[in-house]
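Labels A, B, C, D and E are assigned to the chains in the order they are written; within every chain, residues are numbered from 1.
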Amino acid sequence: MEIGLNHYLILSTILFAIGLVGVMRRKNLLLLFFATEILLNSVNIAFAAISHYYGDLTGQMFAFFVIAIAASEIAVGLGLLIVWYKRHGNIDLESMTSMRG
Amino acid sequence: MEKYLYIALFAPLVSSMFSALFTNTPKKQFVGIIASLLIFSAFVSSSILLTHILDGGDIVHVEMMTWMATGNLYIPFGFVVDQISVTMMMVVTLVSTIVHIYSIGYMDHDKGFNRFFAWLSAFVFSMMILVMSDNFAGLFIGWEGVGLCSWGLIGFWFHKEVATWAANEAFIMNRIADLGMLIGIFLVYWNTGSLQYDIAFPAMAHLDSATLTWMGIFLFIGAMGKSAQFPLHTWLADAMEGPTPVSALIHAATMVTAGVYLVIRSNELYDLIPHVGLFIASLGAFVALFAASMALVNRDMKRIIAYSTLSQLGYMFAAAGLGAYWVALFHLMAHAFFKALLFLGAGNVMHAMHDELDPFKMGGLKKVMKGTWIMMTIASLALAGIFPFAGFFSKDTILEAAFAEHHMVIYGVLLFTAGLTAFYSFRLVALIFHGEERYKIFGIHPHEAYKFMLIAMSPLLFLAMIAGIFQTPFFEMVEEILGATEYHIHSHATLLIMLVGTQMFVGLAILYAYKKYASWSSVPDGSSVIENSFIYKLLYNQYYIPYGYEEYIVKPYNELSAALWEVDKKVVDASVDGIASIFYSAGENTRDMQSGNLSTMLKWMVVGTVVLLSLAVVFGLAARYSGEIMSILSGLGV
Amino acid sequence: MLSPINVSLESLNLITLAPMLIPVVGALLILVIDIIKGGLDKSLYVVLSILFLALDFSALLDSAGIFSKDGIMLGVFDVMLVDGIAILAQFIIVATSILFIPLALTNKRFHEFSYPEFFALFLFMISGFQFMVASDNLILIFVGLETASLALYTLIAMHNRDKSFEAAIKYFTMGALAAGFYSFGAMVFYALTGSIEINQIATVLAANGYADIGYVLVGVVFMLASFGFKLSVVPFHTWTPDVYEGSSAAMAGYMSIVPKIAAFVVAMRIFEFLIHSGIAWLEVVLWVLVVVTMTAANVWALVQTDVKRMLAYSSVSHAGFVMAAILIGSTQSNSAMFLYWILFSFTNLGAFSMLWISRQKELPGYQKTDHSFEKFSGMIITSPMAAIIMAIFMLSLAGIPPFALFWGKIYMISSAVTGGYTVLALIMALNSAIAGYYYIKLIVYMFMKDPIVSNVDNNGKLYVANATLALKSIIGFAIIGTIFAFLAVDPLLEFITAFVYNSGY
Amino acid sequence: MLDHILSILIFFPALAGVMGFMIDKGSIRAYGVAVAFVEFALSLWLWFAFDSNVSGMQFMENIALIPSFGINYILGVDGISLFIIILAAFFTMIGIASLTETKNEKNMIITLLFLEMTMIGVFSALDAIVFYVFWELSLVPMLYIIGAWGGPMRIYASVKFFLYTFAGSLVMLVGMLFMAYFFYQATGTWSFAILDWYRLILPESFQLWLFAAFFVGFAIKVPMFPFHTWLPYAHGQAPTIGSVILAAILLKMGTYAFIRFSLPLFPDASVFFMYPIAVIAIIMIIYTAMVAYAQKDVKQVVAYSSVSHMGVIILGTFALNVEGITGSVFLMIAHGVVSGALFLLVGVIYDRRHTKLMSEFGGLAHVMPRYATIFGIMLMASVGMPLTINFVGEFLSLLGFYEQSHILTLLAGIAIVVGAIYMLTAYKKMFFGEVTKDENRNLPDVNKRELIALIPLAIITIWLGVYPKPVLEPINNSVEAVVQLMHNKSTTEEAKSRIPNVSGVVISKTSTREAH
Amino acid sequence: MFEAVAFYLFAFLTIAMFFITVTTSQALYALSALAAGMIFISAFFFILGADFLGAVQIIVYTGAVMALYAFGMMFFDTTREVKEKKGNKFIIVGLATLCAVIIVAIFAAPIVSDNMLSLYPALEGAGNTQSVGLVLFTKYLIPFEVAAIMLLVAMVAGIVLAGKKMDLSLTLLNAEEIEKMDEEINKKVLS
């Protein structure tokens, strides 16, 4: 049984869906950030696979930059969480509803 | 001659404006005098014009200036003095001069003395415009002008609720008719291309009869309002709330005859449509009888006279409708004299009786008011058509005309009405001047009017007596434009029988009235048998027509108006506000979508994406399998 | 083995990089200055930023000159793409930034402006946006976008109070999700075409005649979601009101303009060729999104009680309005978009600046939020000039002629008319009427209600408490631009149309 | 200076308004009156310099504004707009002169000056966008006037006024953009110039849609049934000066626009929609007259009467012949004068009693005879008494429409009956009877300041009623040009027959004149 | 065959790990599962011949990112069980199902890739790292540099946000308080 591009794409999409579920489900911001990591990683698999099957390096490049972006996001995201945590002692998104309507 | 025309026309205007200057100042005697003088000058000018016309002079026709000119329409302020208008001018200026002088006495103690003359002269001016205009638009100016002045004068004592109510009623009812008139004018304009009499009337000969019929009907609707013909008659009786000189001038002698004037003026039109003429005549005859019947039982002196006016207007329309324009015009003139006299006499009585109007509360006044008694009696004789007074000549000619035209029903009705006329006129005279002095019960001390008032009335008395002799010269004067039909019964015997018969019939009616009322002694309190009979009640309540109007027109109008206002607020406006509030409440109801909860926000994003994704997939699959889908669909026969 | 690659420097066309690098240099300079000597006054950084932005602007002028002579420029291995719309967008970005940065010079002290990092990050952000618009390579777009976004999140948070953290976190989290969508979308396109350059994607797709329309649409959907987030298209807009409310008024005004124009340009690049290839689905979906965004945002704005939040929703609505340009996809509509956005930037920045100068630190009892409507009651009595200026901004936003936005509006609606979108044109017009209500609401408060007693006593100082000469000049600039926009419309229009047309849009 | 007199007329008040900020509060009224007087004098000069025999546009100005999009600053007047401009200047002048409002007087006067700019701008603009600019801009000062100085529901009323008219005009704006686009398609250049548009003959189906789009904007402004409900609120809540200007000038924008845009641009559509619009006009006339009758507040009576009269104006406009359109233009002026005066009069009593409920009055003719007299004159003008200004307009409007439909004119003519009913009833309630309320016993009669405003209006009312020629003639000439244009442009058979060919008529008219 | 086995094995493992990550209530489990999942993903990269990427994945994620998260977790004290309010499961499950359906719909059919041009083909005879390096420093030089800027931004942002500078909010202090604070700082500097 040959593993084709489609297998990877389906895998990637399943992981993406798991990430989405996590994004929607998580109330703890740190864990929510985990889910966003999953989103980006799932796409990376697809990029690498397409890159492989097309014999083209662009996909790997994209994945590379996605990793960089993910890393940067974490830095900023954790910074924000720390600020919030210092003030409120929690990182639950339910506590952030001072603005609404 | 133009000079005299302008004097006749504008002297009343000057008088009015002069008086108006003093509206807000206390009574000034000179205002009345100057106004009377100015009106008199108009009378003199009219007389000069009359002699000019009588001498066979040319018709005086002037165009003062342009009023409206646009597109095809050209309306000048143009005035014409021909045989018809000069007659009307004479009537108007004469009666108004007398009424002005009379009013100086009558309004002596009134706060609004100056204002009264302003309105009265304004009325004369409007009336002059009405009769002198050479086109329909000018006629309409006067037409509305007299309506306005009538409103101001009926409601002269504006602190009285009834007076102002009557004023508004008169104005509004006239307006209904004016609408008809306006439509008539439009018809004339769009069919003949002009509103000038001398262009429009000749042009009518070429029009088809349906158009002409409509024209005639609409113009006549206008006349019906102004002349208070059924069913627009109720305002006239109510208008008696105004000062009596006003009733004399406006609601007896001049304004109410404007409708007759219109029909006479449009004789060329009505000659072309005899069926409309017949309708007019029939309506006239009906109103003559109808109004007379109401006068029989009424207990208001002025209203009785008003009904008699109405009745006489019916006569005039009957004549005009039958094509006897000159007869109508002649009766109009004669009627103006004796009816004004009658009203002014009634004014004297009212003054004497401290504004008491119920003749049953008077009686025996001839002792204190001899002059008035004589005048009113003669005026009533004239009204009844007793030889040799004015009424005989004019009214009998109408009867003759009806007879000669073989409209026997009309003739019969008119004849019968003549008897009724005689009866109620002398019922009134008898109740006021004869019998016991019932006024004493009410502690009133009557006195005769100022002498100058009586003197002022004397020309009318004179004319009421002798106007008949003008019949022939008048006929000769107007035959040129009103048709030279003399209504002579071919057989002299028939004529004689008719004349004598009529006179006897009328005489009997007078005698009966005297017999019944000359020795009246009590004030009826509504308990007698006759007062409780159906017919009495019907007549006394004016056939319940005012009641009907109140109940079925005024009240529904009020209610409908109130309802429409509700509709305006609760349907039209509410729907506008509703649309606005749909947006607003949509905002209110959906703002919770923005719950402020980050998780919800993320879900919205995912939901949006998934929805779009599903749509995309559906579309993508449909595109991919479009061939198959089409074949399935076609297999299903879609 | 690998052979060395020779690349001639000229072929790199490094000039295309100049505008983006200038702010980077500026940012680094600021950081270095801070390291050498801390505690310097904010005015120094403000002026430095303005200077670098001015340099940036002149570099852009240079690019514009080259563009109008030689047409589209590619540079650095064709990653950079400097075409008309890139230049226009950068003009808007840089000019708005120049107008924004003096707003730091407030009378009162606010946290973010006291630290040089703010200015450094600000300049980095501008550079990020510039990269984003000046490329058709999805990677560079992504990286530029993230650079700018990460800086922006920090700038918001640096306002340093609970609401701003909340705003920053919300924005950040949703931004992370949007980044995921973006990368997934890019992946689909890459899978379909083997390329991540928009031109190339368009070419490949056109060559196979959109055979895999389903896949294309999946990619489009994810791109729509990701740019829908940036452009605050309903239902991806939910961050907008909270973030605007949480950040300082000045920042909110800035956010309503600059990130969006950058996103618009990219959206134009991505969606325009799809629209032109006649994908009915995209037309319908965009139509619906445009209409829903305009209308729903307006409807929500109606019920707001805070002016800033109201303006946030109004910005969403304006963005929806401008999105129509992408849907219509004609030269006229794209020009209209830029015209609209230039005029909008003046007006909106002015409006937010007016809020900014009235910002208090302690809220009196009648005021629940920073800029609640009650705060502005009777402003015409206590502070007439400010009230009139604010009213003019509101009228301009409502599209009352002859103020700035009206001209953008008619040109945009006209493009809808010309493009055959009659119903859309009507809806666009009628949305202005709905919007009228909430703009008028502020005018009602300012002009028709009685002033709050405490404000009468201090002569309306409240409304200009934060004002300094710098802020006043910015507002003066904005108000003049708003009122006399009709004089500038014609040259602007010609300039924009030429640039847009020559870029092939 | 005459070359730019229109620009001067438009921007002089605006400039003066800006300068007004520098004037001290105590002196602002004198300043306002002076400025308005100068403006009025300028407008009279415009009339003086106006050549009545020319039917086309005069004092044209043309400055490029956004040439690439066909928007240019084009101004001009003809007989149709001339008198409304003068009326606007006149009413601003007497409005400021008779101003009784003392709260924030300065703001009020400056606002009025801006309003004057927008009003004159609307009537002299010959470019659709410039027209639209002033049209919309005029809402803003009015919004402020109603909202800041009005009655208890002023904010609701002003916002309703603003949004309603704003929404309508936006639809019109889309129509304008379509029109420009069609022009662009036909000629290859963008243009919003009305005179350019006049040359464009559109197919009927396009005309119908565009007519409808323009109609929404105009109908709300007029206001036509069922879009009229903002008006009673606006009038009911507005201060006197607001009502006066609203009734006298702002409402005329709608009817003016019908003549300036709808008729000549879409002759076939005008004919097509003639009957439906006439029916609406008749509903306006009768329905609102009855609603007016049901009012308890005298200002509401006058407000609803305005709607009723506007119905007659609309009817005259859609007579589509010279008589009717001339009549409707004249009636615009007439209604401006009369309703303006009536609102001033209501303001007089409101200033004294701070109520407008008729039940609070009664017998005022005893205590305020001069007031009663002037009110009476205006009342009679309002009900269309001949020799007052209104009659000329009403007569011509109805006369004109009679050519199109007899029955509808008959129905519309009910105006003169129902108008009399509500007006006379209101007058009776206020002025007749005994004085029943003690507060009314010692009311002062109209004072000098009020007379300054009212006497000229009374004089105009009578003067133009007796001698309308100086106004009627220029209107007539311009209207003839419009009707001729419509006739030439119309494409359908029905339109050709409905719209008269004036050129033949002009000759015959001169001949009839000579005959006299 | 080996490839298939490896694919399914790692696919199963990644899915399982990530599933644990999003569902577990123990933060520590989640973190560990995430880290494991990241490593398994790098396995795919190796399978697919993207050695460089695989290495970067392990270094960056397991090395840097996870370390960051771990620090964060310690800071936030989330080593205990995380209590999360459960939202509406229906929405989540529904959306997930929809996603799944869509996935099947999308990728059930193969993507056509006949006319695919390889723009930047992996060089024959060169290792993956070399090829990547070549492309990265030519074509993607600019993105690379911009990524550097981005990391700088992230660094600055992280320092600013997490550092002391945010401890005292000038935004919330009024003028007098700020003055007092400045004085204190000056004193410190002087002393």
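Just so it is clear, a residue touches a chain if its C-beta (ideal position, glycine included) is under 8 Å from a C-beta of that chain, and two chains touch if they have at least 3 such contacts.
Because the structure is a prediction, the values reported are computed rather than measured.
Participant: Could you tell me which chains are in contact with subunit A and with subunit C alike?
Facilitator: B, E
Participant: If I average the CA coordinates per chain, which chain comes out farthest from subunit B?
Facilitator: E
Participant: State which chain is most central when centres are taken as means of Cα atoms.
Facilitator: D
Participant: If you tally C-beta pairs in contact for every chain pair, which pair wins? Let me know.
Facilitator: Highest contact count belongs to chains A-E.
Participant: What's the chain with its C-alpha centre farthest out from subunit D?
Facilitator: E
Participant: Any idea how many Å lie between the Cα centroids of subunit A and subunit E?
Facilitator: Distance between chain centres: 6 Å.
Participant: Quick check: how many Å separate the C-alpha centres of subunit A and subunit B?
Facilitator: 94
Participant: Using Cα averages as centroids, what's the distance between subunit B and subunit E in whole Å?
Facilitator: Roughly 98 Å separates the two chain centres.
Participant: Any idea how many Å lie between the Cα centroids of subunit B and subunit C?
Facilitator: For subunit B versus subunit C, the centre distance works out to 76 Å.
Participant: On subunit E, where are the residues touching two or more other chains?
Facilitator: Those would be 87, 91-92, 95, 99, 105-106, 111, 113, 116, 118-119, 139-140, 143, 147, 150, 153-154, 157, 159-161, 166.
Participant: Find every residue in subunit A that makes contact with two or more other chains and list them.
Facilitator: 5, 9, 16, 19-20, 23-24, 26-27, 33, 54, 56, 58, 61, 65, 68-69, 72-73, 76, 79-81, 83, 93-94, 96, 98-101
Participant: Give the residues of subunit C that touch two or more other chains, as numbers and ranges in rising order.
Facilitator: 139, 143, 146, 150, 153-154, 157, 169-170, 173, 177, 191, 194-195, 212, 214-215, 218, 241-242, 303, 437
Participant: Going by the touch rule stated at the top, which chains touch which?
Facilitator: Going through each pair of chains, those in contact are A-B, A-C, A-E, B-C, B-D, B-E, C-D, C-E.
Participant: Quick one: which bits of subunit E touch subunit A in the complex? Just the residue numbers, please.
Facilitator: For subunit E paired with subunit A, touching residues are 1, 3-4, 7, 11, 14-15, 18-19, 21-23, 27, 30-31, 34, 37-38, 41, 44-45, 48-50, 52-53, 56-57, 60-61, 64-65, 68-69, 72-73, 75-76, 78, 82, 84-85, 87, 91-92, 95-96, 99-100, 103, 106-107, 110-111, 113, 116, 118-122, 128, 131-132, 135-136, 139-140, 143, 147, 150-151, 153-155, 157-162, 166-167.
Participant: Quick one: in the complex, what on subunit B touches subunit A?
Facilitator: Against subunit A, subunit B makes touches at 591-592, 594-599, 602-603, 606.
Participant: Quick check: in the complex, which residue numbers of subunit E touch subunit C?
Facilitator: Touch list, subunit E to subunit C: 105-106, 111-113, 115-119, 123, 125-126, 130, 134, 138-143, 146-147, 149-150, 152-154, 156-157, 159-161, 165-166, 169-175, 178.
Participant: Note which residues of subunit C are touching subunit B in the complex, please.
Facilitator: Within the complex, subunit C touches subunit B at residues 169-170, 173-174, 177-178, 181, 212-215, 217-218, 220-222, 224-225, 228-229, 235-236, 238-239, 241-242, 281, 285, 296, 298-303, 434, 437.
Participant: Under the touch definition given earlier, write down the residues of subunit B that touch subunit D in their complex.
Facilitator: Contacts found on subunit B: 23-24, 63, 65-74, 76, 137, 140-141, 144-145, 148, 151, 155, 158-159, 161, 164-165, 168, 171-172, 175-176, 178-179, 182-183, 185-187, 189-190, 194, 557-558, 560-562, 564-565, 568, 572-573, 576-577, 580.
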